[in-house]
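Read through the structures below before going on.
Two complexes come next, and they have one chain in common, subunit A, joined by subunit B in the first and subunit C in the second.
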Partner chain A sequence: MSTTAKNILAVMRTGPYGNQTAKEALDAVLTAAAFELPLSLLFMDDGVFQLLPQQDTQGIGAKDLSATLPVLPMYDVERFYVEQSSLESRGINSAELILPVEVLDSEQVKVLFAESASILSF
Partner chain B sequence: MKLSILVYGSPNGSQAAATAYRFTKAALEKGHEIYRVFFYGDGVYAASALNTPPQDEQDLSSLWRELGEQHNLDMVVCIAAALKRGVLDPGEAKRFEKSAHNLSAGFTLSGLGQMMDASQQSDRMITFGY
Partner chain C sequence: MILHTVNKSPHTSNCLQSCLRTLSDQDALLLIEDGVYAADNHYANQTEALGEEITLYVLKADVDARGLQNRLSSRFQVIDDAAFVDLCVQYPKTQSWY
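Right, the complex of A and B next:
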(Lines of atoms letter the chains of each structure in order from A and count residues from 1; the text may use other names and numbers.)
(Lines give C-alpha, C1' and ligand atoms only; values in the text may rest on other atoms or scores of the structure.)
Protein backbone atom coordinates (compact mmCIF):
# COMPACT_ATOMS: atom_id res chain seq x y z
CA MET A 1 0.00 0.00 0.00
CA SER A 2 2.76 2.43 0.96
CA THR A 3 4.58 2.26 -2.36
CA THR A 4 1.72 3.77 -4.34
CA ALA A 5 0.01 5.57 -1.47
CA LYS A 6 -0.81 9.27 -1.65
CA ASN A 7 1.22 11.33 0.77
CA ILE A 8 -0.77 12.88 3.58
CA LEU A 9 -0.14 16.18 5.29
CA ALA A 10 -1.73 16.49 8.73
CA VAL A 11 -2.04 20.13 9.72
CA MET A 12 -2.21 20.63 13.48
CA ARG A 13 -3.61 24.08 14.17
CA THR A 14 -5.19 23.87 17.61
CA GLY A 15 -3.72 23.94 21.10
CA PRO A 16 -3.34 20.63 22.92
CA TYR A 17 -6.07 21.19 25.53
CA GLY A 18 -9.36 23.01 25.96
CA ASN A 19 -11.21 20.74 23.54
CA GLN A 20 -10.82 17.33 21.94
CA THR A 21 -9.41 18.54 18.63
CA ALA A 22 -5.69 17.96 19.19
CA LYS A 23 -6.35 14.59 20.84
CA GLU A 24 -8.55 13.43 17.96
CA ALA A 25 -6.09 14.81 15.42
CA LEU A 26 -3.38 12.73 17.03
CA ASP A 27 -5.64 9.64 16.90
CA ALA A 28 -6.08 10.20 13.16
CA VAL A 29 -2.33 10.66 12.71
CA LEU A 30 -1.60 7.44 14.61
CA THR A 31 -4.10 5.61 12.39
CA ALA A 32 -2.39 6.90 9.25
CA ALA A 33 0.94 5.81 10.71
CA ALA A 34 -0.42 2.36 11.57
CA PHE A 35 -1.56 2.02 7.92
CA GLU A 36 2.01 2.92 6.93
CA LEU A 37 0.83 5.82 4.81
CA PRO A 38 3.46 8.44 3.90
CA LEU A 39 2.75 11.15 6.41
CA SER A 40 4.05 14.61 7.29
CA LEU A 41 2.90 16.83 10.14
CA LEU A 42 2.74 20.61 10.02
CA PHE A 43 2.23 22.50 13.26
CA MET A 44 0.95 26.03 12.87
CA ASP A 45 -1.13 28.63 14.70
CA ASP A 46 -1.93 27.41 18.25
CA GLY A 47 -0.91 23.89 17.13
CA VAL A 48 2.68 24.80 17.97
CA PHE A 49 1.73 24.66 21.67
CA GLN A 50 1.40 20.87 21.25
CA LEU A 51 5.18 20.72 20.90
CA LEU A 52 6.10 22.41 24.17
CA PRO A 53 7.99 20.30 26.72
CA GLN A 54 6.96 19.75 30.34
CA GLN A 55 3.21 19.68 29.78
CA ASP A 56 1.43 18.79 33.01
CA THR A 57 -2.23 17.87 32.61
CA GLN A 58 -2.83 16.45 36.06
CA GLY A 59 -4.89 19.44 37.15
CA ILE A 60 -7.35 19.24 34.22
CA GLY A 61 -7.89 15.49 33.98
CA ALA A 62 -6.77 15.35 30.34
CA LYS A 63 -4.31 12.98 28.70
CA ASP A 64 -0.83 14.43 28.26
CA LEU A 65 -0.48 14.54 24.46
CA SER A 66 3.22 15.37 24.68
CA ALA A 67 3.73 11.83 25.95
CA THR A 68 2.29 10.41 22.70
CA LEU A 69 3.73 12.73 20.04
CA PRO A 70 7.33 11.53 20.52
CA VAL A 71 6.32 7.94 19.64
CA LEU A 72 5.63 8.94 16.03
CA PRO A 73 9.22 8.39 14.83
CA MET A 74 8.84 4.77 15.98
CA TYR A 75 6.06 4.47 13.37
CA ASP A 76 8.44 5.86 10.73
CA VAL A 77 6.77 9.26 10.83
CA GLU A 78 9.76 11.55 10.64
CA ARG A 79 8.76 14.68 8.76
CA PHE A 80 7.70 17.36 11.24
CA TYR A 81 7.33 20.95 10.13
CA VAL A 82 6.57 24.10 12.07
CA GLU A 83 5.51 27.41 10.61
CA GLN A 84 7.98 30.11 11.56
CA SER A 85 5.62 33.01 12.21
CA SER A 86 3.45 30.82 14.48
CA LEU A 87 6.50 30.19 16.66
CA GLU A 88 7.66 33.80 16.59
CA SER A 89 4.33 35.35 17.45
CA ARG A 90 4.10 33.04 20.47
CA GLY A 91 7.69 33.55 21.60
CA ILE A 92 8.63 29.88 21.17
CA ASN A 93 12.14 28.72 20.30
CA SER A 94 12.22 25.75 17.88
CA ALA A 95 15.16 24.24 19.78
CA GLU A 96 13.03 23.62 22.89
CA LEU A 97 10.36 21.50 21.16
CA ILE A 98 9.68 17.81 21.88
CA LEU A 99 10.07 16.70 18.24
CA PRO A 100 12.89 17.39 15.79
CA VAL A 101 11.19 19.92 13.54
CA GLU A 102 12.04 21.76 10.38
CA VAL A 103 11.01 25.42 10.51
CA LEU A 104 9.31 26.66 7.33
CA ASP A 105 8.51 30.20 6.26
CA SER A 106 5.17 30.94 4.63
CA GLU A 107 6.52 30.40 1.10
CA GLN A 108 7.82 26.94 2.07
CA VAL A 109 4.48 26.14 3.72
CA LYS A 110 2.79 26.98 0.42
CA VAL A 111 5.06 24.51 -1.38
CA LEU A 112 4.39 21.84 1.27
CA PHE A 113 0.64 22.21 0.77
CA ALA A 114 1.03 22.08 -3.01
CA GLU A 115 3.16 18.92 -2.84
CA SER A 116 0.79 17.04 -0.52
CA ALA A 117 -1.70 14.79 -2.28
CA SER A 118 -4.09 14.69 0.65
CA ILE A 119 -4.48 17.22 3.47
CA LEU A 120 -6.03 16.47 6.83
CA SER A 121 -6.69 19.73 8.61
CA PHE A 122 -7.29 19.86 12.35
CA MET B 1 -14.07 14.80 -9.36
CA LYS B 2 -14.16 12.20 -6.61
CA LEU B 3 -14.53 13.99 -3.29
CA SER B 4 -14.65 13.01 0.36
CA ILE B 5 -16.18 15.30 2.94
CA LEU B 6 -14.85 15.53 6.48
CA VAL B 7 -17.34 17.01 8.94
CA TYR B 8 -15.87 18.15 12.25
CA GLY B 9 -18.31 20.87 13.30
CA SER B 10 -21.35 20.07 15.45
CA PRO B 11 -24.77 20.92 13.99
CA ASN B 12 -25.40 23.59 16.64
CA GLY B 13 -21.90 24.67 17.55
CA SER B 14 -20.69 25.89 14.19
CA GLN B 15 -21.76 26.92 10.73
CA ALA B 16 -19.40 24.28 9.36
CA ALA B 17 -21.87 21.39 9.72
CA ALA B 18 -24.54 23.12 7.64
CA THR B 19 -21.97 24.30 5.10
CA ALA B 20 -20.68 20.73 4.74
CA TYR B 21 -24.21 19.57 3.94
CA ARG B 22 -24.83 22.31 1.39
CA PHE B 23 -21.42 21.78 -0.22
CA THR B 24 -22.08 18.04 -0.54
CA LYS B 25 -25.51 18.66 -2.06
CA ALA B 26 -24.11 21.22 -4.52
CA ALA B 27 -21.22 18.94 -5.50
CA LEU B 28 -23.66 16.11 -6.26
CA GLU B 29 -25.85 18.46 -8.30
CA LYS B 30 -22.78 19.48 -10.30
CA GLY B 31 -22.10 15.83 -11.10
CA HIS B 32 -19.20 15.18 -8.74
CA GLU B 33 -18.87 11.84 -7.02
CA ILE B 34 -18.92 11.77 -3.22
CA TYR B 35 -16.77 8.82 -2.18
CA ARG B 36 -17.52 9.18 1.51
CA VAL B 37 -18.80 11.61 4.13
CA PHE B 38 -16.83 11.09 7.33
CA PHE B 39 -18.08 12.55 10.60
CA TYR B 40 -15.42 13.17 13.22
CA GLY B 41 -15.07 15.20 16.41
CA ASP B 42 -18.23 17.09 17.30
CA GLY B 43 -19.45 16.39 13.76
CA VAL B 44 -20.75 13.04 15.05
CA TYR B 45 -23.68 14.81 16.73
CA ALA B 46 -25.32 15.10 13.31
CA ALA B 47 -25.78 11.31 13.44
CA SER B 48 -27.94 11.32 16.55
CA ALA B 49 -31.53 10.39 15.76
CA LEU B 50 -32.58 12.22 18.93
CA ASN B 51 -31.79 15.72 17.67
CA THR B 52 -35.14 17.50 17.80
CA PRO B 53 -34.83 21.07 16.62
CA PRO B 54 -37.94 23.32 16.54
CA GLN B 55 -40.03 22.87 13.40
CA ASP B 56 -39.00 26.19 11.90
CA GLU B 57 -35.27 25.41 12.23
CA GLN B 58 -32.97 23.40 9.99
CA ASP B 59 -32.74 19.73 10.98
CA LEU B 60 -29.33 18.63 9.71
CA SER B 61 -29.73 15.03 10.86
CA SER B 62 -32.81 14.61 8.67
CA LEU B 63 -31.27 16.54 5.78
CA TRP B 64 -28.20 14.28 5.76
CA ARG B 65 -30.35 11.17 6.03
CA GLU B 66 -32.48 12.26 3.06
CA LEU B 67 -29.46 13.23 0.96
CA GLY B 68 -27.80 9.93 1.88
CA GLU B 69 -30.85 7.94 0.80
CA GLN B 70 -31.24 9.91 -2.41
CA HIS B 71 -27.62 9.46 -3.52
CA ASN B 72 -26.73 6.27 -1.70
CA LEU B 73 -24.00 8.11 0.23
CA ASP B 74 -21.47 6.30 2.38
CA MET B 75 -21.92 8.30 5.61
CA VAL B 76 -19.44 7.02 8.16
CA VAL B 77 -19.25 8.18 11.76
CA CYS B 78 -16.00 7.65 13.66
CA ILE B 79 -16.84 5.06 16.26
CA ALA B 80 -14.44 6.35 18.95
CA ALA B 81 -15.58 9.95 18.54
CA ALA B 82 -19.23 8.82 18.55
CA LEU B 83 -19.04 6.58 21.61
CA LYS B 84 -17.47 9.24 23.78
CA ARG B 85 -20.22 11.66 22.76
CA GLY B 86 -23.08 9.25 23.34
CA VAL B 87 -23.90 8.33 19.75
CA LEU B 88 -24.35 4.55 19.71
CA ASP B 89 -25.75 1.94 17.37
CA PRO B 90 -27.58 -1.14 18.72
CA GLY B 91 -24.42 -3.26 18.69
CA GLU B 92 -22.34 -0.78 20.70
CA ALA B 93 -25.21 -0.14 23.12
CA LYS B 94 -25.31 -3.86 23.81
CA ARG B 95 -21.52 -4.18 24.05
CA PHE B 96 -21.23 -1.35 26.59
CA GLU B 97 -24.45 -2.30 28.38
CA LYS B 98 -26.18 1.00 27.67
CA SER B 99 -29.95 1.26 27.92
CA ALA B 100 -30.49 2.97 24.55
CA HIS B 101 -29.04 3.60 21.12
CA ASN B 102 -29.53 6.59 18.86
CA LEU B 103 -27.54 6.29 15.62
CA SER B 104 -29.71 7.74 12.89
CA ALA B 105 -30.65 5.60 9.88
CA GLY B 106 -28.29 6.06 6.95
CA PHE B 107 -25.17 6.47 9.12
CA THR B 108 -22.61 3.76 9.89
CA LEU B 109 -20.18 3.60 12.82
CA SER B 110 -16.66 2.64 11.76
CA GLY B 111 -13.01 3.35 12.48
CA LEU B 112 -10.53 6.02 11.48
CA GLY B 113 -9.24 3.61 8.84
CA GLN B 114 -12.24 4.78 6.79
CA MET B 115 -10.83 8.32 6.89
CA MET B 116 -7.45 7.07 5.70
CA ASP B 117 -9.08 5.00 2.96
CA ALA B 118 -10.96 8.13 1.84
CA SER B 119 -7.68 10.06 1.73
CA GLN B 120 -6.27 7.46 -0.63
CA GLN B 121 -9.33 6.97 -2.84
CA SER B 122 -10.48 10.57 -3.28
CA ASP B 123 -9.16 13.33 -5.51
CA ARG B 124 -9.81 15.83 -2.72
CA MET B 125 -10.67 15.76 0.98
CA ILE B 126 -12.73 18.77 1.96
CA THR B 127 -12.74 19.61 5.67
CA PHE B 128 -15.56 21.48 7.42
CA GLY B 129 -14.95 22.66 10.97
CA TYR B 130 -11.90 23.06 13.24
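Right, the complex of A and C next:
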Protein backbone atom coordinates (compact mmCIF):
# COMPACT_ATOMS: atom_id res chain seq x y z
CA MET A 1 0.00 0.00 0.00
CA SER A 2 2.22 2.81 -1.27
CA THR A 3 0.94 6.29 -0.59
CA THR A 4 2.99 9.39 -1.31
CA ALA A 5 3.40 12.02 1.40
CA LYS A 6 0.87 14.54 0.09
CA ASN A 7 -1.65 11.98 -1.02
CA ILE A 8 -5.34 12.91 -1.11
CA LEU A 9 -7.71 10.20 0.10
CA ALA A 10 -11.26 10.26 -1.27
CA VAL A 11 -13.56 8.25 0.97
CA MET A 12 -16.53 6.97 -1.06
CA ARG A 13 -19.37 5.72 1.16
CA THR A 14 -22.63 6.02 -0.82
CA GLY A 15 -24.30 3.82 -3.40
CA PRO A 16 -23.99 5.01 -7.00
CA TYR A 17 -27.50 6.31 -7.76
CA GLY A 18 -29.55 6.85 -4.56
CA ASN A 19 -28.36 10.44 -4.43
CA GLN A 20 -25.90 12.70 -6.23
CA THR A 21 -23.02 12.15 -3.80
CA ALA A 22 -21.26 9.41 -5.77
CA LYS A 23 -21.48 11.42 -8.99
CA GLU A 24 -20.17 14.55 -7.26
CA ALA A 25 -17.36 12.51 -5.73
CA LEU A 26 -16.36 11.18 -9.15
CA ASP A 27 -16.43 14.71 -10.60
CA ALA A 28 -14.17 15.90 -7.77
CA VAL A 29 -11.79 12.98 -8.30
CA LEU A 30 -11.62 13.56 -12.06
CA THR A 31 -10.92 17.26 -11.49
CA ALA A 32 -8.16 16.52 -9.00
CA ALA A 33 -6.74 13.91 -11.38
CA ALA A 34 -6.79 16.42 -14.25
CA PHE A 35 -4.52 18.59 -12.08
CA GLU A 36 -2.34 15.50 -11.54
CA LEU A 37 -2.86 15.47 -7.77
CA PRO A 38 -1.88 12.17 -6.12
CA LEU A 39 -5.14 10.42 -5.26
CA SER A 40 -6.26 7.27 -3.50
CA LEU A 41 -9.86 6.10 -3.40
CA LEU A 42 -11.28 4.14 -0.49
CA PHE A 43 -14.68 2.52 -1.07
CA MET A 44 -16.47 1.52 2.12
CA ASP A 45 -20.05 0.94 3.36
CA ASP A 46 -22.44 1.31 0.42
CA GLY A 47 -19.61 2.87 -1.59
CA VAL A 48 -18.51 -0.65 -2.59
CA PHE A 49 -21.75 -0.88 -4.60
CA GLN A 50 -20.28 1.70 -7.00
CA LEU A 51 -17.89 -1.04 -8.18
CA LEU A 52 -20.42 -3.71 -9.09
CA PRO A 53 -20.44 -4.79 -12.76
CA GLN A 54 -23.50 -4.84 -15.05
CA GLN A 55 -24.81 -1.41 -14.04
CA ASP A 56 -27.42 -0.39 -16.65
CA THR A 57 -28.83 3.03 -15.81
CA GLN A 58 -30.91 3.48 -18.93
CA GLY A 59 -34.17 2.77 -17.09
CA ILE A 60 -33.57 5.48 -14.44
CA GLY A 61 -32.11 8.00 -16.86
CA ALA A 62 -28.93 8.42 -14.81
CA LYS A 63 -25.35 8.75 -16.05
CA ASP A 64 -23.62 5.35 -15.77
CA LEU A 65 -20.87 5.94 -13.20
CA SER A 66 -19.49 2.45 -13.77
CA ALA A 67 -18.51 3.54 -17.27
CA THR A 68 -16.35 6.36 -15.87
CA LEU A 69 -14.68 4.63 -12.92
CA PRO A 70 -12.60 2.23 -15.07
CA VAL A 71 -11.21 5.27 -16.94
CA LEU A 72 -9.50 6.61 -13.82
CA PRO A 73 -6.22 4.66 -14.34
CA MET A 74 -5.78 6.62 -17.58
CA TYR A 75 -5.72 9.73 -15.34
CA ASP A 76 -2.99 8.09 -13.23
CA VAL A 77 -5.47 7.37 -10.46
CA GLU A 78 -4.53 3.80 -9.65
CA ARG A 79 -4.77 3.28 -5.92
CA PHE A 80 -8.20 1.77 -5.21
CA TYR A 81 -8.99 0.30 -1.81
CA VAL A 82 -12.10 -1.38 -0.45
CA GLU A 83 -12.90 -2.12 3.16
CA GLN A 84 -13.11 -5.85 3.82
CA SER A 85 -16.06 -5.75 6.25
CA SER A 86 -18.09 -3.62 3.85
CA LEU A 87 -17.62 -6.25 1.14
CA GLU A 88 -18.36 -9.15 3.49
CA SER A 89 -21.54 -7.66 4.93
CA ARG A 90 -22.77 -7.20 1.36
CA GLY A 91 -21.68 -10.61 0.05
CA ILE A 92 -19.38 -9.10 -2.57
CA ASN A 93 -16.16 -10.72 -3.84
CA SER A 94 -13.48 -8.19 -4.71
CA ALA A 95 -12.59 -10.16 -7.89
CA GLU A 96 -15.95 -9.32 -9.45
CA LEU A 97 -15.49 -5.55 -9.11
CA ILE A 98 -14.98 -3.25 -12.10
CA LEU A 99 -11.69 -1.87 -10.77
CA PRO A 100 -8.56 -3.65 -9.54
CA VAL A 101 -8.80 -3.09 -5.77
CA GLU A 102 -6.74 -3.81 -2.69
CA VAL A 103 -8.89 -5.17 0.16
CA LEU A 104 -8.07 -3.59 3.53
CA ASP A 105 -9.00 -4.78 7.00
CA SER A 106 -9.89 -2.18 9.62
CA GLU A 107 -6.30 -1.83 10.86
CA GLN A 108 -5.05 -1.16 7.31
CA VAL A 109 -7.85 1.39 6.83
CA LYS A 110 -6.60 3.23 9.91
CA VAL A 111 -3.08 3.29 8.45
CA LEU A 112 -4.43 4.62 5.13
CA PHE A 113 -6.26 7.44 6.95
CA ALA A 114 -3.17 8.25 8.99
CA GLU A 115 -0.82 8.23 5.98
CA SER A 116 -2.98 10.43 3.76
CA ALA A 117 -2.17 14.13 3.69
CA SER A 118 -5.79 15.19 3.30
CA ILE A 119 -9.21 13.56 3.15
CA LEU A 120 -12.24 14.21 0.95
CA SER A 121 -15.38 12.78 2.58
CA PHE A 122 -18.17 11.60 0.30
CA MET B 1 -4.47 13.01 14.53
CA ILE B 2 -7.76 13.11 12.64
CA LEU B 3 -10.92 14.89 13.72
CA HIS B 4 -13.90 12.70 12.87
CA THR B 5 -17.38 14.25 12.80
CA VAL B 6 -20.65 12.31 12.76
CA ASN B 7 -23.93 14.08 12.09
CA LYS B 8 -26.40 11.18 11.94
CA SER B 9 -28.25 9.41 14.72
CA PRO B 10 -26.78 6.01 15.62
CA HIS B 11 -30.32 4.60 15.61
CA THR B 12 -31.02 5.38 11.95
CA SER B 13 -27.60 5.31 10.31
CA ASN B 14 -24.38 3.30 10.34
CA CYS B 15 -22.18 6.42 10.15
CA LEU B 16 -21.06 6.09 13.78
CA GLN B 17 -20.37 2.37 13.44
CA SER B 18 -18.23 2.96 10.34
CA CYS B 19 -16.43 5.79 12.12
CA LEU B 20 -15.71 3.65 15.19
CA ARG B 21 -14.10 1.04 12.93
CA THR B 22 -11.55 3.55 11.68
CA LEU B 23 -10.78 5.58 14.82
CA SER B 24 -7.12 5.48 15.81
CA ASP B 25 -5.44 6.55 19.05
CA GLN B 26 -4.86 10.34 19.17
CA ASP B 27 -7.93 10.87 16.93
CA ALA B 28 -10.94 12.85 18.14
CA LEU B 29 -14.65 12.25 17.57
CA LEU B 30 -17.06 15.19 17.53
CA LEU B 31 -20.80 14.53 17.40
CA ILE B 32 -22.89 17.26 15.75
CA GLU B 33 -26.50 17.69 14.59
CA ASP B 34 -28.38 14.36 15.01
CA GLY B 35 -25.07 12.69 15.80
CA VAL B 36 -25.38 14.03 19.35
CA TYR B 37 -27.92 11.30 20.14
CA ALA B 38 -24.96 8.94 20.41
CA ALA B 39 -23.68 10.96 23.40
CA ASP B 40 -26.74 9.95 25.39
CA ASN B 41 -25.95 7.86 28.47
CA HIS B 42 -28.24 5.17 27.15
CA TYR B 43 -26.06 4.68 24.09
CA ALA B 44 -22.73 5.28 25.83
CA ASN B 45 -21.64 1.63 25.98
CA GLN B 46 -20.70 1.95 22.30
CA THR B 47 -18.50 5.00 22.79
CA GLU B 48 -17.26 4.35 26.32
CA ALA B 49 -15.51 1.21 25.04
CA LEU B 50 -13.12 3.53 23.19
CA GLY B 51 -9.65 3.96 24.66
CA GLU B 52 -8.78 7.02 26.71
CA GLU B 53 -6.50 8.29 23.92
CA ILE B 54 -9.56 9.09 21.81
CA THR B 55 -11.18 12.34 22.93
CA LEU B 56 -14.92 12.63 22.58
CA TYR B 57 -16.73 15.92 22.01
CA VAL B 58 -20.36 16.89 21.48
CA LEU B 59 -21.63 20.22 20.20
CA LYS B 60 -23.55 22.24 22.80
CA ALA B 61 -26.00 23.96 20.46
CA ASP B 62 -27.18 20.62 19.08
CA VAL B 63 -27.37 19.04 22.53
CA ASP B 64 -29.44 21.91 23.93
CA ALA B 65 -31.71 22.01 20.88
CA ARG B 66 -32.54 18.35 21.41
CA GLY B 67 -33.00 18.59 25.19
CA LEU B 68 -30.14 16.21 25.95
CA GLN B 69 -28.38 18.45 28.52
CA ASN B 70 -28.96 16.08 31.45
CA ARG B 71 -28.71 12.84 29.52
CA LEU B 72 -25.11 12.99 28.33
CA SER B 73 -22.41 10.42 29.03
CA SER B 74 -19.67 12.03 31.10
CA ARG B 75 -17.17 10.67 28.59
CA PHE B 76 -18.10 13.54 26.23
CA GLN B 77 -16.81 17.10 26.56
CA VAL B 78 -19.52 19.61 25.64
CA ILE B 79 -18.04 22.31 23.37
CA ASP B 80 -19.40 25.43 21.69
CA ASP B 81 -19.06 26.47 18.05
CA ALA B 82 -15.91 28.51 18.72
CA ALA B 83 -14.24 25.45 20.24
CA PHE B 84 -15.37 23.47 17.17
CA VAL B 85 -13.41 25.91 15.00
CA ASP B 86 -10.37 25.50 17.27
CA LEU B 87 -10.58 21.71 16.85
CA CYS B 88 -10.59 22.06 13.06
CA VAL B 89 -7.41 24.08 13.35
CA GLN B 90 -5.81 21.77 15.91
CA TYR B 91 -6.37 18.61 13.85
CA PRO B 92 -4.68 18.70 10.41
CA LYS B 93 -7.26 16.37 8.83
CA THR B 94 -11.00 15.94 9.21
CA GLN B 95 -13.10 12.97 8.11
CA SER B 96 -16.83 13.73 8.03
CA TRP B 97 -19.23 10.82 8.34
CA TYR B 98 -22.62 11.81 6.88
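Assume the second predicted complex is superposed on the first by the 117 of 122 C-alpha atoms of A that agree within 3 Å, B and C clash if a C-alpha of one lies under 4 Å from a C-alpha of the other, contacts with A are read in each partner's own complex, and residues count from 1 in each chain.
As a working rule, a contact is a pair of C-beta atoms (placed from the backbone, for glycine too) under 8 Å apart; a residue touches a chain by one contact, two chains touch by 3 or more.
None of these values were measured; they are calculated from a predicted model.
**Student:** Which of the two partners, first being subunit B and second being subunit C, lies in contact with A:Ser85: first, second, both, or neither?
**Tutor:** The answer is second: A:Ser85 touches subunit C but not subunit B.
**Student:** Applying the touch criterion given at the start, work out whether A:Val109 contacts subunit B, subunit C, both or neither, answering first, second, both or neither.
**Tutor:** After superposition on chain A, A:Val109 lies in contact with subunit C alone.
**Student:** Subunit A residues in contact: does subunit B have more, or subunit C?
**Tutor:** Higher number of touched subunit A residues: B.
**Student:** Pick one for A:Val101: touches subunit B only (first), subunit C only (second), both, or neither.
**Tutor:** Neither partner.
**Student:** Looking at A:Arg13 after the superposition, I want to know if it touches subunit B, subunit C, both of them or none. Which is it: first, second, both, neither?
**Tutor:** Touch status of A:Arg13: both partners.
**Student:** Touching A:Ile119 in the superposition: subunit B (first), subunit C (second), both, neither?
**Tutor:** In the superposed model, A:Ile119 contacts both subunit B and subunit C.
**Student:** In the overlaid three-chain picture, which partner chain does A:Leu72 touch, first (subunit B) or second (subunit C), both, or neither?
**Tutor:** A:Leu72 sits against neither subunit B nor subunit C.
**Student:** Taking the superposition on A as described, I'd like to know which of subunit B and subunit C A:Asp45 touches: first, second, both or neither.
**Tutor:** The second partner, subunit C, only.
**Student:** If I apply the document's touch criterion, which positions on subunit A are contacted by subunit B in one structure and by subunit C in the other?
**Tutor:** Overlap of subunit B and subunit C footprints on subunit A: residues 13, 118-119, 121.
**Student:** What does subunit B use to touch subunit A in their complex?
**Tutor:** Spelled out, the residues of subunit B in touch with subunit A are 6, 8, 40-42, 80-81, 84, 111-113, 115-116, 119-120, 122, 125, 127, 130.
**Student:** For subunit C, which residues are in contact with subunit A within the complex?
**Tutor:** On the subunit C side, the touching residues are 1-2, 14, 18, 21-24, 93-98.
**Student:** So in the complex, which bits of subunit A are touching subunit B?
**Tutor:** Interface residues on the subunit A side: 1, 5-6, 8, 13-14, 20-21, 24, 27-28, 31-32, 35, 37, 118-122.
**Student:** Okay, in this complex, where on subunit A does subunit C touch?
**Tutor:** Of all residues in subunit A, those touching subunit C are 11, 13, 44-45, 83, 85, 106, 109-110, 113-114, 116-119, 121.
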